[in-house]
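Next come two complexes built around subunit A: one with subunit B, the other with subunit C.
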Partner chain A sequence: MPPFRRCWVTERSLAPLLLAGLALALLAGIAIGPFPLSLRRIAEVLAGGGDAQSATVLWNIRLPRVFAAALVGAALAAAGTAYQTAFRNPLVSPDILGVSAGAGFGAVLGILLGLPVLAIQLTGFATGLATVALVLVLSFSLRGGGQVLVMVLCGIAVGALAGAGISLVKLLADPEQQLPAITFWLMGSLAGAKRTDVAAALPAIVAGLMPLVLLRWRIGLLALGNDEAKTLGVEATRLRLLIIACATLMTSAAVSMAGVVGWIGLMVPHMARLLTGPRFDRLLPAATLIGAGFMVLVDTAARSIAQMEVPLGILTAVLGAPVFVWLLARGSRGWAE
Partner chain B sequence: MRYFPATALKAAALAALVALPALAFDGRSFTDATGRDVLVPENPARVFAAGPPASTLLYVLKPDSMVGWVRAPKPDDLPFLRPGAAALPELGQLTGKGDTLNLEVLLTATPELIVDYGSVNATYKDLAARVQEQSGVPYVLIDGSFAALPQSIRQMGEVLAVPERAEELATYAETVLAETDALLAEIPEERPSVYLARGPEGLETATKGSINAEIIERVGGRNVAEEGTGNLATVSPEQVQAWAPEVIITIDRDFAAKVGTMPEWQGIPAVANGRVYLAPAAPFGFIDRPPSVNRLIGLKWLAHKFYPDHAEGDLRADVAAFYGLFYGVTPDDAALSALLGD
Partner chain C sequence: MTPLLQARGLTVGHGNRPVLSGIDLTLEPGQVLCLLGPNGAGKTTLFRTLLGLLPPLSGEILLEGRPLAPMPRTEVARALAHVPQSLSTPFAFRALELVLMGASAHLGPFARPGRAEIARAMAAMGALGIAGLAGEEITRLSGGQRQMILIARALAQGARTVVMDEPTASLDFANRIRVGQAIRSMADRGTAVILSTHDPDQAAALGECALLVGRGRVLASGKIAEVMTDTKLSTLYDIPVRREELSDGALHFRG
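Here is the complex of A and B:
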């Protein structure tokens, strides 16, 4: 399988190009927003000067949010890339084992119980992990334990249960105050992102990403199939479990901070694959960088195109669906077996 | 032919059921806000309110006729409600989509009349007609807009056959509205910019023109969230910084307690000047929750918060009088302080 040869990006120029793209996205994210801040003012504040209100806006609101968006995008894209490789299926996204539905259920339950914001995020994080753990336990205790198909089907079943739980919580919620909060949360938003949120999510996301980076060669071999991987000394089932654990950790952390943001985990790996080809060791860093930059841009749009926040889930779908169809139309050269 | 007798029996039963309510009482005709002529009982003794706004209106007008609540009162609300009404069961909500009330459950409570109070549009008109047809219980819808408040109180009083009580409350409503207009005419220049904060982070707001925020405009506040569809929306703290509201009104206790220490809210005039006000919520909210007659005292409260130098009268005494007149419970000093947070 050759990488996408017709592309104008050469292998050597790819890394600097992606880094430059991310830097530009970050710059745009920092410079654009509803509170008017000129580049000059931003530079002043970053240098330690500027007036108090500009400093509040930049240090406490905009920078944490841009950073949170980059983290969420990177985490979802990396998790999606790992899943697609591990399951050898290009249609897999990080939600396939029910992590988003599970985290969503925990978070809306937290909203229903009137918990503080941090507790809501922690509940979401914990139920996301617990949902995937349940799926794994189920799939290994069933016939043909640990087969990918069984795993995915268990994920669908448990995810449907979590979805039913979300609906139940919506029904029980106070329609005047809790229900809007739940609806907004389920559509995804970084409007409330704070430094403390970023600090809480960062360790989980780094802890999930590190093993994927370190084991990128072995993970790449999974694409060959179980038997081939085994002859090369890779224990497919165990490695797959490790990937699931890492991806779940990242996705759960991202979802508990930003709400349910769809499409990034499915689409960004495909965008990256167009540039790098299917080799996991090249794909992972590319997808992570693209995911971070893309999410920063989407979030910048979310808070800038209107006075009111546009939910991230809506924007990623509106931007994501056409790009995805366009990619499909260009043919499957990048990922076909 | 084997099925014929059963079918005939069912048809007969159905016909009897449909005919029954019509035969059961001598009613009087009432034309509701949707223009439907509804036959209502002379003196309805068992009434169900279809949604929270109607529940509040029914409670203040004729509490002993209530068969249940849409949503049971919370423990905080109980000291401000008549004991008999406070103990009524929660039956669920009938208005709009996502009903939580099963019609059979409703009928076991044997209401003679269903009243609704709120938006008048084709959906609600249709809903009223359908529920009435299905349950055989007359269903009356009264216009819930703020401007029509005194008139709506009188109409509801007519339906419930308590015209004197309604007249008393409607007169109170007219007085408060007139006082508000007089105050605003006195100070045409002063129109504070206001942000309505909802949710524990304070980042949900109700945009200008929404039923959740209309009281702010009624008292002369300029809702900073002008854009939008007249609904609830989320905003970023950066947007609130850009709006720089002079006053923040919130209905969330957590947010009101935290706002002084949340870094992203510093520098906003309302926060810097200590003009973040938590709207009292027991037994019914001052701002909305539900958007019903409870907002009348919210008018006075907001006038005192928006124009501390101009608003007249003793707010504490006014609140106590309102609670006594409308809710039938006059709070003592301690309860008032807890309610108003001062």
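Here is the complex of A and C:
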């Protein structure tokens, strides 16, 4: 294929650039924290040496947490990219469609009932999927069905309903132990991320991401709209449902591990699109890598900028809300440019 | 020989509201069939039905001799291509990227286009004289250029039948001629084309056969010379129409 020039970077140099960026973010995430690890010490511990304290911090605290952050960021960014493609709309994302709140409700319910991590993920996935289904059914049965505004407003309404459910769960929770855990978790946090959490979320996220990666070129044809994609030989309706299921699975898994971390699924796909252009087969890997690196940096900031842990959701909202307004200001041009 | 596309006793419409009924048509290799009718006559609805995007209310459609309804989309796409009236995507794809999408019917679900597909896409663009546009963003091209790219995509799709919904509706004089030549050269190489147009002169120049639809039914169907007469076109458009034969044999219609 003739080389196409995109604005900042060439097609060839993008992948190494993103991988290098991710590697730097991971390294920063491992090194920075209340107990700083110098590069030399990290190298020593990884080589099997080093002092016992550094080894404990690296293996039991820093690595699981950094890995969890990368996983959550990758999942939310990939899910956001998938939703935007499936709905052909730049403003949809896990939060706006109410999936995050829906999955959050299921997960909080799981915490209240004292379920194991895997079961919490399952309830989160079930309520997340139910939320998307409800939003879709509502927005298509209303007048002006399927329009962006209607869909977003339905997402807000259903998200508010899930929010009410979350409030109810908080009311019922034991105020000594469960309530603080639920409250902190709802603002998004990886403070307690353990290796077992990562192990529980990893399969769901991989299972959601794999079909998207494998089908990435075909999924790109959905950008043409249902009819045109069908006449080109794509089972568009079925593919769209598959994408929504995959994205919801990833969102739910991320939410059940890190709590409700908003805005990543909206912000990162747009950052990636500036680099890759609109093609889904190039956008998805780029958004996934950027999401992973970005989340690691945000999480590193969350545990470094203040004496106490700053919840992730607060940081991502501070970064994400201006981006959302900027997207609104650019209007539909966001797609064509 | 099996016709490429056949419709028998077809009624098309939305939900249970028929728009157009009593359609019988047969499309042979190399044939150009022109669909003429006033706005709202159901031309687009008929095309959407022929493409399998809308279920017929009654009757049946055969694509290369087989019933269309149960066919998977990839099989339909290998036999039948569509050139939409205009490009619907707001995305800034490159022209070549868009033409490559025509290859999807020939690729497995997990496959991406490779060298062979790129070569075919470039050949399709070359045949239409637009190879130079390959690297351009489609959002920056003119309506005529975009139409040519959509035709190139249909060529790259390798289907033997092409459905074109008003391929020249929004084009200027030169592009109208270019698209007309592209349609003729496709037909001369054995592709069957069914197209709708609002220009009787163009229909007479491009097609062998015409289908006149209006007021929910087929008014006439057959060879251009027999179907596109003064009386029939006058009835179709509800204004007096006069047919003239120019010195080169071309038909010209006046209101």
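Heads up, the rule we're going with is that the second predicted complex is superposed on the first by the 257 of 337 C-alpha atoms of A that agree within 3 Å, B and C clash if a C-alpha of one lies under 4 Å from a C-alpha of the other, contacts with A are read in each partner's own complex, and residues count from 1 in each chain.
To be clear about the criterion, contacts are C-beta pairs under 8 Å (C-beta built on N, C-alpha and C of every residue); 3 or more make two chains touch, one makes a residue touch a chain.
These numbers come from a predicted model, not from an experiment.
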Inset, instruction - Figure out whether A:Gln307 sits in contact with subunit B (first) or subunit C (second), or with both, or with neither. - result: first
Inset, instruction - Could you say whether A:Ala181 touches subunit B, subunit C, both of them, or neither, answering first, second, both or neither? - result: first
Inset, instruction - Using the superposition on chain A described above, determine whether A:Glu44 touches subunit B (first), subunit C (second), both, or neither. - result: neither
Inset, instruction - Identify the partner contact of A:Gly33: answer first if only subunit B is touched, second if only subunit C is, both if each is, neither if none is. - result: first
Legend entry - Touching partner for A:Ala52 - first (subunit B), second (subunit C), both, neither: first
Legend entry - Touching both subunit C and subunit B, counted on subunit A across the two superposed complexes: none
Legend entry - Partner subunit B, residues of subunit A touching it in the complex: 33-36, 52-53, 56-57, 59-62, 65, 116-117, 171, 174-177, 180-181, 184, 189, 191-192, 194, 303, 306-309, 311
Legend entry - List of subunit A residues in touch with subunit C within their complex: 1-2, 4, 214-218, 220-221, 223-225, 227-228, 230-236, 277-279, 281, 332, 335-337
Legend entry - Parts of subunit B lying in touch with subunit A, wherever the complex brings them together: 52, 71, 93, 98, 100, 198-201, 203-204, 207, 212, 225-228, 232-239, 241-242, 251-252, 254, 263-264, 266-267, 288-290
Legend entry - For the subunit C and subunit A complex, residues of the former touching the latter: 48, 51-53, 72-74, 76-78, 80-82, 84, 88-94, 96-97, 101-102, 104-105, 107, 109-113, 118, 134-135, 139, 153, 157
